[in-house]
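Sharing a structure below in structure tokens format, with a few things to ask.
Labels for the chains are A, B, C, D and E, by order of writing; each one numbers its residues from 1.
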């Protein structure tokens, strides 16, 4: 079943056509990768999906319903979560608080109950804290849980960001270059996390990544963009062999 | 520590860190006696896990720690035979040390051209700067069409190109590169490393390279250091390093037999091997 | 009773007086001189026998023209057992009047707000200058006398400026003067062109200015610039020795001041001790009529203290209410009298003007009736 | 006809007063552009400049031009001192702390001035011809004309400087990120020092001009507050915006004073600019010419 | 190395979330509370020492603490600088004065109502925050300051114009709260209540949303925070608290007059939270204490000097403001993150001591 679909999306900034009639569809339960040269428009697609950019033209469908006009926070409530290319964590807060924020949409505490604390608010805090701790265990970041994220090393921040997105309990997870800045071992961990999230939590993953080793290995389908246009879409093996993709993106060398 | 390669043995290192300790916020000890030598004309790679302290090392060298509540509390940093611990960061740039910071720190509100001009701040000759600018645009044609766009609007990869271009504009003697390949498309990664190699060979720029993409890094480096938890745990000429089993496994992503494996096959959570723990 | 920082070899415990002055705030340009004078006067009083042998001590604190600061100082003073205060502005004195009444603290202010001179409402408030209400009435009376027909009121959006305006308008009506539209010029205004251009349409013979010296100078200069024929009658805080300096030639024959007090240095008997004090303590300073104002306030207070039966609020109040025809040695336009039913010190003031050579000279003394209905108005 | 003259008089006078604001705003924007510091002591710099010049001219009887240049020199020294002692230690600290620092600075400057010169108003010796210029029924003091010219000259100088000079670019880079600017070899200290020096000089010029209009006392620093609506209206980081903002605020003040005061009982002059400001900001959140904050992820 | 203290292990998240985590801290907290309760009975000797009515000071401090909490929620937590809180406090004061004097409502109802009215006014002036960022917003709130100030001065029928409104002290079951001591208990009951409220708010969902908006509002929006709503709510709750402070102020100082609520008060509020530590509940308290005490403490040497050289006192007085400025500057230079941060570092240091590294 198609869970997320983009139909003929156009987006421009001044004279630059960032997206030029892009269409793609993501099936429920798959790992879908978007690749393409720098400036091809990958992040822009994510921004359109999560509602930070509104396309000039075209439709974005989530579970068959158009979400073009929804504001970003509403889309999050529908089950769309993402990470960012330039880490966008809340730098002043601890890891736990960042993840607890991921739980925001699932919590109900308001200005009154929160201020009173005892009773409702505390119970809710504890319940969600348990969920968050589970994610912390899953991502193996126990030892940094009370550190301010701003002081963490780059790679760890990426992991925390994944955790925050996960805390939303999303149905579709958009990950923008999750492996950037990781060495082989950490890349492996991250890949494992993504696979686990996909398999065990039944989350559909849309992935932007430049590490071809990972992309070709873990994704079910890949879409390639260049200059805002889709130049190919298909199984990893097809993409790898596509001369257009090789010329624009992969280069001649073997992987 | 093992001795550096024999051919450079007699020479004075252009940069040398001796037992450097760095503390953040007065309490967090990050570098715990870090030592490292870089010889003129070399490309030296510095590898290590997330949080090992690689970026911190570079910042200690360029003097940019101060802005982040960090402080070198012990040990010494020598550049061209002189201790530079007391030298202001901007002075270090005019002495020839230039750092490309992690995470594409471009000037958002300046356009691409102005960013490049800012990179050439310490240089006098306007005509040379102009020429180098054309060179940079030659390297990164993608930037040419975005010349008058504010850098903040560029895509991640474009910003990374700009950050590297800016470093080229400075024509440093010692370039500190913090993950130059971050977020770049594979094709471009290759190109960037070619460029790095070229300025090293042609201009004689010494390069200290922090890079997670160890395969590419080691392919152009002369000498490699591996750091963990604030210390150097291994250093060797690259050829030797590449043969090390641990390096192969953890940094090059090769299993014992030397071929690639699928991520789907990796079983859960192997215990990691660490040099120190 | 507190005994902090006692004067060396003081024979007796001093009578402590709380000072609430503005020496750093927006009115410090005049407030500082006033505060200095109050301290000087205390020294003079002590040198001349104090209060029946007891010295007085004035704690001069700055409140920077902030009412809440004034309240804080006031409360501190009361807490220390102080029952007599020398205060300053219209806003803060009004702010404190309830508390003053409750605590039975005698409060002598530099604000001559007419609202403070009705003992049925503010039994513990006193001041020694002709009230603003009487000043503005006097001004209208003068306008009438010299044949003026049309007047306009110019004032800042501020209690000192606003409070007397109704009195002025009522008086103008009573005298049959035509009143033009009010104009508002802020105390910190740097120009008044728009207001004066507006006023020009009505073209009054006389305009009342209820600002301070700085804003008055601005108005007068702009009036000259716009070539207005209007002459200006200026309330007490807007007319002092600085005005001709600031306004330059523009003030000549244009600026008239309502002056309850003799200007600093004028040769009257009461000025002698002031000048001696000046010579002895700060010969290089340059004083204004504000110095005289504070001095007179202290002298009246001294007189009452000496006669007070009990040294507390009610005692001093009673003594003040017995002040009758207190001779200020020519420092005020008329002697000062308080009664239990009327705290108006007098109803007479000088009208000064800036003459064609830039000198400030008295032109007239106006005296108003002491009408009962004007009490507190 | 008379109504028209009235209107014109208000506008012209507004322009005149506005050019004073423009001048102060220029210094303010300069500092902001170079270091993203909001300088709450701008008015005090102006006041100090005015007092220094006044002291030179009256107490020391220095001729005007000598006094003028000595004042400029003094302003530079003062700015360097401020930079060295107060701002340099704050490099890299959050903007809001630096704002607070400038508030502290304004308190110090104010009290030092009060300590030295007292709080009474002092009068400037007449430097400019006192007779107003007259066009039809409109009259403007000559000082204002000089002020207007000064602000135009500075406007052109600064605009060129920031667009084209090496230092100008370095300054904008510094405002963007101290840390990254340092890594380019840009001396953040120097940038701060230069920007404060220039701002102090511009302010001192403004101070002398304003001092000439109405004399000098501690309330002179209040002009500093007028700067905020002016620069925000123009766009915080825009040099032409500062000038235009200053002029518009001047005109607004005068028009509202002339037409509205009457109905609302005074004080409209002071608030009207702020009301207009909020309305304009709701339509153009970065003022007329301000650069938008970049918000892409 | 982790900063978590070693030696203490929490077995439940409930314990981990408690405000006072160790018996040691609990003990000192209790001791402090006892001192707080006893203070009005033991402050006399202190009065002479600092030459002022310390109980009055304590009350003012308490009132400012409540207001500072308010501003801290808005600026420290949500990251929206306000230069209008002085005026908002005025709204609270006027609302309370008008309600008690002109409408005749008892103080106990006027107090929360004043808070609500201020919250409403604050939210209206917070609307620009939906579009404005950073300093632009700061100046827009400064516009609020001037516009409200103008209304207070000129809407004479309601506000008594520039003369203001005289109010009376509240009473509690027939006992007048007009004296400093009983008012003290009123103020500090509310101080404790609002402090706990603020602390709790900031460590639960809404507080986290505030901080998220401060740190990165785009990311906050993408994870599902209704940025719009929370910005306005932040203005609302912040103004509510400062309105309460205003109401308390009015019934303590007993006269409401626009001069007290000028831009300077707004600046002082800002100084409080910056010096105390933005985004820290303790910070608001430290800041209010610091900013209220400092001028008083500065008066002590000045007072002594006045006694010795009465003639020159004016010079010293003009200097105190400068010294005040100087101390602010020194403070920010040496403690840019505020007093609360200093406390934090010391705490961290001792946690790890003697193995600091």
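Operating definition for what follows: contacts are C-beta pairs under 8 Å (C-beta built on N, C-alpha and C of every residue); 3 or more make two chains touch, one makes a residue touch a chain.
In this text, all values refer to a predicted model and were calculated from it rather than measured experimentally.
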item: Shared interface partners, meaning chains that touch chain A and chain C; value: D, E
item: Interchain contact steps from chain A to chain D (minimum; 1 if touching); value: 1
item: Chain whose average C-alpha position is farthest from chain E's own; value: B
item: More contacts between chains, C-E or D-E; value: D-E
item: Centre-of-Cα separation between chain D and chain B, whole angstrom; value: 44
item: Chain B and chain C: spacing of chain centres that average the CA atoms, whole Å; value: 74
item: Computed distance of Cα centres, chain E from chain A, in Å; value: 41
item: Approximate Å spacing (C-alpha centroids) for the pair chain C, chain D; value: 36
item: Numbers and ranges of chain B residues touching at least 2 other chains; value: 25, 28, 153
item: Chain D: positions in contact with at least two other chains; value: 111, 114, 119, 265-267, 270, 296-297
item: Where chain E touches two or more other chains at once, by residue number; value: 3, 153-154, 218-219, 222, 318, 320-321
item: In the complex with chain D, residue positions of chain E that touch it; value: 75, 81, 128, 131-136, 138-140, 142-143, 146-147, 149-150, 153-154, 156, 218-219, 222, 263, 267, 270-271, 274-275, 278, 315, 318-329, 332-333, 336
item: Complex contact set, residues of chain E against chain C; value: 47-48, 51-53, 56-57, 60, 153-154, 161-164, 166, 180, 249, 253-255, 257, 259-260, 264, 299, 303-304, 306-307, 310-311, 313-314, 317-318, 320-321
item: Chain D to chain A touching residues, read off their complex; value: 296-297
item: In the complex with chain A, residue positions of chain E that touch it; value: 2-4, 12-14, 16-17, 196-198, 200-201, 204-209, 211-212, 214-216, 218-227, 233, 237, 279
item: Chain E-touching residues of chain D, taken from the complex the two chains share; value: 38, 86, 89-90, 93-94, 96-97, 99-101, 103-108, 110-112, 114-115, 119, 225, 228-229, 232, 236, 264-268, 270-271, 274-275, 277-278, 281-282, 285-287, 290, 293, 295, 297
